[in-house]
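Two complexes follow with chain A in common, the first pairing it with chain B and the second with chain C.
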Partner chain A sequence: MSNSTFVYVTYIKTTPERLWSALTDRDFTRQYWLGAHCESDWKPGSSWKLSFEDGRVADSGEIVEADPPRRLAIKWRNQWSPELNAEGYSLCTFEIETVPGDNSDAVKLSVIHSIDRPESAFIKAVSGGWPRILSNLKSLLETGSVVLPKKA
Partner chain B sequence: MNVDHFKPLTFYTIYIASTPEKVWQALTSAEFSRKYLFRKCGRDRSEGRRRVTPDGALHINGEVAECVPYRKLAFTFNVNWPELVEKLGPTLVTYEIEKAGDTVRLHHERIT
Partner chain C sequence: MDEVFKALADASRRSLLDRLHAKNGQTLNELCEGLAMTRQAVTKHLVILEEANLVTTRRQGREKLHYLNPVPIHQIGERWIRKFERGKLTALSELKRRLESEEK
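Right after this comes the complex of A and B.
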């Protein structure tokens, strides 16, 4: 049986440490995550959650791997849609690499989000969200402001 | 050109703080595209230094299949590396530009 995977790669003018912090700092995530924010202590086995501003939990799960500032893997399950929740846990991996070459000050961020089922509605849903969130993250780190405001 | 036989292979969407007009110009102006095409990303790839050659030699060519200024651009994309066109066959690239509030959603499809 095949799985469903979303892959997004973006190059950001920043350092691996700043990008790691942007992915894991609760208050920083609030700035680009379209009105939600992430919380965890970012250690393998720790719980992880993504909450809306009113406190409702959007998604939750567990840290599978955390190797700052290089690699982060989260076991991730939707909590607000019964249909998406029923698909069970997905795995979301963040890889941060420096770009080799002279005078390069860019970092390559790869986000790989997959679930062990074909034609997943969950992966379809995150495929619309990730480009928004990661465009916001890139713009915020490079220019100091996001491109898309919080959801109304 | 009939492009119905192409099947989507990869998608990429990015939101840019810009206007459709500026994004269109960035995609279609030779002068502007020289600033971002393959300057950095191409350098360290293991497959070699195959990028747009500064001497103007043909690197990738194709034919415009659809052109709606500020909205949509589709073109065939043939990479002129030895034997690659034969191996891959022709591919199609489509750009779609949409306004998203004050920003622009640039959607890029590579189709084979």
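Right after this comes the complex of A and C.
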């Protein structure tokens, strides 16, 4: 196998539209992204960046695919660590599916993040952050507040 | 959450998660390699792990790849671990790991 990939899945009691806006609204992302936020106009070919509160750019790239509220793919490159930046672009895909439930519908969010190289340090680094971001996102959408406000 | 605990309460299933932790994105054949379990047993355990959302699968061409999904385990942790305890717990785990590796 020549690439490094992880697939994270979480089920959230919300609608695909609310989840899409949680992923794409700058102020919404600020609430759960451990002290960072995303900016883009979310059209294929547009630039995308993830910035820290003080304005430093953590990661940047380009929107590859945007099919609201179903599918979003971002070409994504680290910008703060020379070692991780040297690995080049990764691809992060978000898939949103409706799951019928007993009382109300839920939404299945899959995050697939991969890079075209084995044993990637970048994938290792982001794989630690995603479970925390996804837990925050789930509690924010379900209860209105997050568990981890800032980077622990 | 019951499903997660039930799925984790079995040593064979935990060893399958360990194998995916060591190498993510494996086919059923790869997962079966070198295991004392039959293919049917592995398949059965994978179904339980998938239902608990601890394992997720993706198709890549003709292959079905299995990935470890740590999100439910993370949520269990967050339920009982308070934010300020996180640093101390990491330090304790690190201490335990270092002391135990010195013994060998």
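Please note the rule applied: the second predicted complex is superposed on the first by the 145 of 152 C-alpha atoms of A that agree within 3 Å, B and C clash if a C-alpha of one lies under 4 Å from a C-alpha of the other, contacts with A are read in each partner's own complex, and residues count from 1 in each chain.
We take it that a residue touches a chain if its C-beta (ideal position, glycine included) is under 8 Å from a C-beta of that chain, and two chains touch if they have at least 3 such contacts.
Keep in mind that this is a model prediction, so the values were computed, not measured.
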Simultaneous placement of chain C and chain B on chain A, clash or fit: clash
Touching partner for A:Thr143 - first (chain B), second (chain C), both, neither: first
First, second, both or neither for A:Ala86, with chain B first and chain C second: neither
Chain B versus chain C as contact partner of A:Ser110, first or second or both or neither: second
First, second, both or neither for A:Thr5, with chain B first and chain C second: second
A:Pro100 touches, of chain B and chain C: first, second, both or neither? first
Which of chain B and chain C A:Arg132 touches, first, second, both or neither: both
On chain A, the residue positions that both chain B and chain C contact, one per complex: 8, 10-11, 131-132, 135, 147-148
Chain B partner contacts - residues on chain A that touch it in the complex: 8, 10-11, 99-101, 104, 106, 131-132, 135-136, 139, 143, 145, 147-149
Complex contacts: residues of chain A adjacent to chain C: 1, 4-11, 110, 112, 131-132, 134-135, 138, 147-148, 152
Touching residues (chain side chain B, partner chain A) in the complex: 12-17, 40-41, 43-44, 100-101, 103
Residue ranges of chain C in contact with chain A within the complex: 24-25, 53, 56, 58, 67-71, 73-75, 78, 83, 86-87
